[in-house]
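The same chain A turns up in both complexes below, where it pairs with chain B and then with chain C.
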Partner chain A sequence: MNSERRRSIPWGMIWLTAVIAYLLVVYFGPIAWLLRYALEGGGGSLLQVLGSSVTRSILVNTLTFAAAITILTLLFSYPIAYFAATSHGRTRNALLLVSTIPLWTSLLVRSVAWLIVLARHGPVNEILLALGLISEPLNMTHNTVGFYVSSLYILVPTMVLVLFASMRGIDPAHVKSARTLGAHPLQAFLNVYVPLSIPAVVSGCLLVFIIALGFFVTPSLLGGPSDRQFSMLIQQTVDRFADFTRGAALSLVLLICSLACLALFGWVAGFNQFMGGRYRGKSLGSLQRVSLKLRYLDVPLRPLAPVLESRRLWLIVVTITLVFMFVPYIVIIPLSFSDAEYLEFPPSTWSLRWYEEIAGSSRWLTAGITSVVVGGIAAAIAVSLSFVGSLGMRDAPGRVSRVALPLIIAPMLIPSIIYSVGAFMTASTIGLSDTVLGIALAHAALALPVCFILIATAVDGVDPAIERAARSLGASTLTSTRRIMLPLVRPVLYVAALLAFQTSFDEIVVALFMSGVQTRTIPRLMWEGARLEVNPAISAVAVLVLGAILILAVVTGIVQQASLWRRQRVRVEESSQ
Partner chain B sequence: MTTHRTLAAGAVALVALGLVGCSSSTSTTPPAGSPTTSKNPATSELVFFSVGGTFQKAQVDGLFQPCADKNGITLKQDEGPSVAKIRAAVESGNVPWDIIEVGESDLPTLIAEDLIVPIDYSYFDQATLDAIDPVFRPERAVEAVIFVEGIGYRTDVASHPTTWAEFWDTSKFPGLRVMPSGNYFNPTVFESALVADGVTPGQQYPIDFDRAFKSLDKIKGSVKAWHDTPAPGVQLLVDGEVNYGLLPNGRVLQAKGQGAKVDFDYSQAFRLVDYHVVPKGAKNLDNAMKCLAYSMTKDASVAFMKLIAYGRSNKDANKALQAEDPAYAATLPTSPDNYAKTLPTDMTWYAQDSGNGKTWLQVSIERWNEWYGQ
Partner chain C sequence: MPATENRLYARRQDPSAEELIAGADRTTASRLDIVNVTKRFRGTATPAVESLNLSVESGQFLVLLGASGSGKTTTLMMVAGFVQPDDGDIQLGSRSIVNVPPESRNIGVVFQNYALFPHMTVQENVRFPLQMRRVRHQDADRRVFSILEMVGLSGMARRYPHQLSGGQQQRVALARALVFRPSILLMDEPLGALDRQLRGRMQQEIREIHREVGATTLYVTHDQDEALTMADRVAVLREGRLEQMATPQNLFDRPKNRFVASFVGECNFLSARVEGNSSAGWDVDLDGYRGHCEGSGPEPSRPATLAIRPHVLRVSDEGHPGVAGAVIDTLFVGDSEEILVRLDQGESVTIRRVTGEAATRFPPGTRVTVSWSWRNALVL
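Here is the complex of A and B:
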């Protein structure tokens, strides 16, 4: 046994090293390149950037927006996540499906949809006018109102998912025992449930804050002059003015802000929050203790308790939220069948002309092929790296995994505009910019965190005894991985592949910088459509993309079911023998 | 360069009046060689880089696609050109584009920094050269489009402003406006602000930025959005989000043609010319010259003007369009009636050094960004 162990190759460490190496080269390399660029000539450009009052005021704007929208998103998402976590079966699935459905539609399209919903002659104004609530249409686009509403819409699904993932683990018995001991329902909620959900709240807020910090598409389309975001400044500097040194310096400023937030998070909660919280940060407990102060709200809220505790009230709140999640689809789908040259809602005449135009357009078809190929390569890389990385992570000692995990999920936690600028500059130097491979490599890095979290959770869930049994019967590590582990987690691999593909298929920021003449992806064309030529074609493409993703999801579901069913049948056959 | 500009301004007048005049060209260019003799290596692609939208589509369909089809060239496109991008590409040695559309304000910089190559006029046929005034075919550029930026308005609103002073008068003409930002292709936002403030039309230079921003302060509250590219601006007018806008004529008239309740008033609109250039290091030089030569022909120009209401410099094309469809020709910025209402600009002024190593264009963008976020 001892001699065998000495001979065995440490596959886990090799695999984990491979994943980290990929990220070091493809992800951290470009960011380091950016730093070098920014600090060229002794950091003069960095000082120049920080000395500019325009830059500083946009930075303050960005931080304020990120903080405000994070709080709003939390308030909006908590009830849905709570309901989903405390309900079961179909209700839970329906809640989750509806509240996360926007994740399956391009960010770009969702933003354009809000542009129409909130327009001067859009549905919201028309309804308010018809109800006599207003006499003049409200001004809701190209200003802070439109920006906040659409941002909230875009961030809620992410928050709900993160909250739900960890609220699901809160044992209802805790609340029940508080009730048995005489606590009022409100009291039990504030004293027991809220403190237990603090880790979820912290992770959700961090993720949303970081996404908001790097917001680019939504403020560009819906914001007003006072809503300029830092990433817009970076994009403008690099793309319009091709001032790479200044662009790099600006990216560095945003990177420092993000890392500061991450450091704070790591200290408070620990990155394992994203993996179900195996280890905890030092200060999570004290934060929970602080949240216990919420119990003092119990007394002033007590008179309202009958209202607050009525399930009907919460059903109304949740229903409104869910309707909110559906609004853009009510616009996009009819709009795609419009006959007008310009966006008009509701369309006065109907036709399939935009579908015909897209089907007959070599630009869209070529972009479609490029997007599929890029997405396919990215998904293949992300899933295989995540799978082997998960095996490595499982076997790695705690100290190693504490270092490796933040590295692997970094692409999710650093605003993608920073990476995009770095990737663009690096890829241009080595001739990979504007190539399918270059974009696919970058997209794989961006898709890696989600794939990894999903697959690592599945790998962790496999009883190590099964593999140990196989190995004791003489299987090598590779054989047991291939014959035992791989089939067991295969259904999850399909889902991860779908998610990775969708991440790439929908990705706009890297594509904006890296795709050019030779490789235009679908989001890139849609972005140009939204910026340069606004017509219903964009909604037709959105419907087609949504359809394609839904079909893929259904196919994935079927394949997943089939592999589960096959496994069951094998088991049945084995047991009947 | 100012001489060049003055010439160009005069030449727009020539085109406008030349609708009826004869081609008294003073061409001194060498006799046209056969367009088929190619001194540059043959390649299969041509990459066109322009400002996008329906305008770029009209350029492709009218000016370049027929040439690409005839010669078996694959035409590819990119959108959103800037001097900075061209400089970065030329410096890196990897230039992805072959023909680039640039504004008149960019031309002096591109020439001074040697970022664009001379146009090989031996690709052009004599008839085309004779029909185009030499100021529209200088050494390193050919005219791409003659257009104006002026007042676009909703036709379902009682009345519309016809001067910039009226455009600024929000009590007489209430409602929101849309205007180009300081980062826009052409800095017409400053020109309009000065004329609105009482500067004699045509005498905006040198631009007094303090005065321009003070003037913009007065209208800021009524401007719904400041667009960086024309399409979103036109879209806001078409959607009825705004009543008036400072917009390019062609896109507004195109929307009108498609049934939108919008129209364009040529009064006090600013005359502008864009050019096509070939960057240094372009990979498909032969195709670029071939198709640029085609783009200047009568047929190409007529096809383009029919697709979008912008003018071209080819006098034969203007005559042909006038004969074919006089009503439509009258809607173009080069028609004599419209031309008489418009105002000249000097975009090359922006390319001059402001005194501290920065061009006025760079100064205008910096000052704009300071003003904009306030």
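Here is the complex of A and C:
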């Protein structure tokens, strides 16, 4: 009698399909469109590209840089993450907040800030000159020094977050029990703590390596001729020489490198970890065994043990790192109030002239409006897609989510230069290039991963029994989503919207290709300014962008708190009765 | 609300909702039949529920008792509509509901951790099912008020769930599941999160509320004391199958098999020999101690198991009729004590007796005789 069981409408699958469809059309479509050129005529251009010694040397350059900066970032981040993971309450929060503060500013603003900090007449040179340590200003921009310093600054927060997320789960009892078994603090650290943190180290390094592979903004602004990165080569080929076939072939090479790393990441760490999932731990056992060899460091380090074991030493190290995180802000904010025509730190006279100049410039105002509109549309698309996609992902069977999750996260990890070139070419064909809608659609795809991770984690955190309760009380699936799920995750939706807006508001690579005469965004203008001449005007814009994001963050925080306040008020009223 | 909109609301009300309001104190309790239901989850070897047949009479309080993994929650979720049975039928008031979505089943569910909506006040939580049924405002207000009165929470209406104690949250969940006069009430280990003392009080309260509203109730628990205290009838589940369904008294006194006997209350099992059967019972011999007792289907002249509850056993000095053995230890359990005796035939038994009742103490090693009234023994 029950040969046919009626199934209710599978909303989850429909929604998840919608999200994947969006990405296929708006994100993967353009990339495929681009790669089509690379394979035209039997892939001759690909062979040509690989045969070029210039290409090969830049590829080697890029890989070397990525490897080196990954190791440097790890060395910088491990102590901070360790301290954050082993401390509690306010100390932990402060450490995390400060070390991730750069994440709240755009890549462009951060790079521009370092451009100013390290400039020939910038604060670092001024201070060194004043101290008499050097007699002539050092060249620190447009060479390897500036490139590495700013890259480090940009990558540390990501590494700290990945390391911390996993180190937090290391039970302090392990180290304690090693101590009771006769290990020195140093021995306990090397024998127990380090091996346990290896999974985090591996996934953090892979992630940073993948990001470094696609670096474009920082090397363009701060690097020297020897620091040319593969992304820059692609941009020049397409932008300056208009050689799409060659650009496509180069993109394919970079894409293959990134996908190989991504596959390795998926295999070793698992994409689940973006969703707060557990490590799959595959093949990490052997890595942990190798890391145990580090315990032999104990012997040569033993004489230094009293120094190494002093928490004070590490507090100093961590403090220096954290100050490093603040340097750009300490510099660009005062600089923007300077009255001088050129960089001067600290400014001798103060004024608002640069702000007045920007406020009076129709170019900047128009760009501001464009950026806000683009960011608003992008945030709306990214947040709604993420919300419905999260609902779908939660109900999806394992094999579906194993395929869907990497697809959704890909825009965060595939070098944006590849997508930008593809998006530009596709959009030109269908007339969306240089339009607000075109840029917004592309930005929404780029903002989707972060939004999705945030919202899906929140949705997963809601007890399924709560929705079941709503159903049993008479609410349909849609009603229960609207009346129960939506209000419960609404605070997270605000944060996600803010992040999406920020992603778009700061985005330069897509904007570089897609925005032109009609629609210039603020980053686009900043980029042009920073390439032409570094003067206080650009720092004023950077401060304004920073301020805009900060104000939005505060507003978001207030809106988020509002519901909590409402609850609190009820409590107060009742207790006063 | 403007009058036009009011009319609109009234018109949109389905007859069942109208009926619900009319008989505010009348129950719409229905009979529940689970007919030959099987559910197998993908990737598991054994079915979660296998060929289950179960009926709950209208107004009855049935407890589903089983260890974790016995399929009791799966059964509950199938009745609620969150799990689709592979085979079989579920009928509510003799109408099949397997193809009815959860929101249309009119079933009240109290979830394990209550599943109160954290962003709604107590009042909003309880009003939610009435809103879903488009009950008119004034009627909804009245019913929310009276049900909160009944569970003793009328002062807490404007609190949020996190501002309530565990017991209060439990009562809100109950009120929310009852306010729309469901055809049947399902409860999934509702007292699991409460401490022992509170649990006892809530057991009584739930019984009282059940008596008051008379709802057909299906209650899931792994706690056998809770099952015996609360149920009109208890259904014992093991590995997805129904082991026995009986009144608490019968379940305790006449367990059908060894599993039920040991799961519901403590029990001693002794190997005995069945000599033959006479009028309504069996002649049993245990190491020379003979008697006549009831039981279910052993074969004569074959080894059988004798099940005897610890409180039925008596211990006395050596030489009395019974089975001989030596005391191993005596455990003090508050109002009673447990004497562990190793019988000469090799098996051990636990005897429970009220503390201080018998003056004789049996230090470890004392030779004793264990005996029992055959009326209270059972051969399996």
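As a working rule, the second predicted complex is superposed on the first by the 536 of 577 C-alpha atoms of A that agree within 3 Å, B and C clash if a C-alpha of one lies under 4 Å from a C-alpha of the other, contacts with A are read in each partner's own complex, and residues count from 1 in each chain.
The rule is simple: contacts are C-beta pairs under 8 Å (C-beta built on N, C-alpha and C of every residue); 3 or more make two chains touch, one makes a residue touch a chain.
All figures in this text were calculated on a predicted structure; none of them were measured in a lab.
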item	value
First (chain B), second (chain C), both or neither touched by A:Leu488	second
Contacts of A:Arg468 with chain B and chain C, given as first, second, both or neither	second
Partner chain(s) touched by A:Asp243 [first = chain B, second = chain C, both, neither]	first
Contacts of A:Ser135 with chain B and chain C, given as first, second, both or neither	neither
Superposition-derived comparison: chain B or chain C, residues of chain A touched	B
First (chain B), second (chain C), both or neither touched by A:Thr479	second
Doubly contacted residues of chain A, that is, touched by chain B and again by chain C	none
Chain A residues within the chain C interface of the complex	1-2, 5-6, 8, 463, 465-466, 468-476, 479, 483-484, 487-488, 563, 567, 570-571, 574
Touching residues on chain A, where the partner in the complex is chain B	53-54, 57-58, 61, 119-121, 139, 141-142, 224-226, 228, 236, 239-244, 340-343, 363, 428, 431, 434, 516-518, 528, 531-534
List of chain C residues in touch with chain A within their complex	80-82, 84-85, 87-89, 98-99, 101-109, 111-113, 115-119, 121, 128-129, 132-133, 158-160, 163, 176-177, 180, 186
Interface residues, chain B side, partner chain A - complex	47, 49, 51-54, 56-57, 76-80, 82, 84-85, 87-88, 92, 94, 96-97, 176, 183, 224-226, 228-229, 231-232, 235-236, 238-241, 255, 258-260, 365, 369-370, 372-373
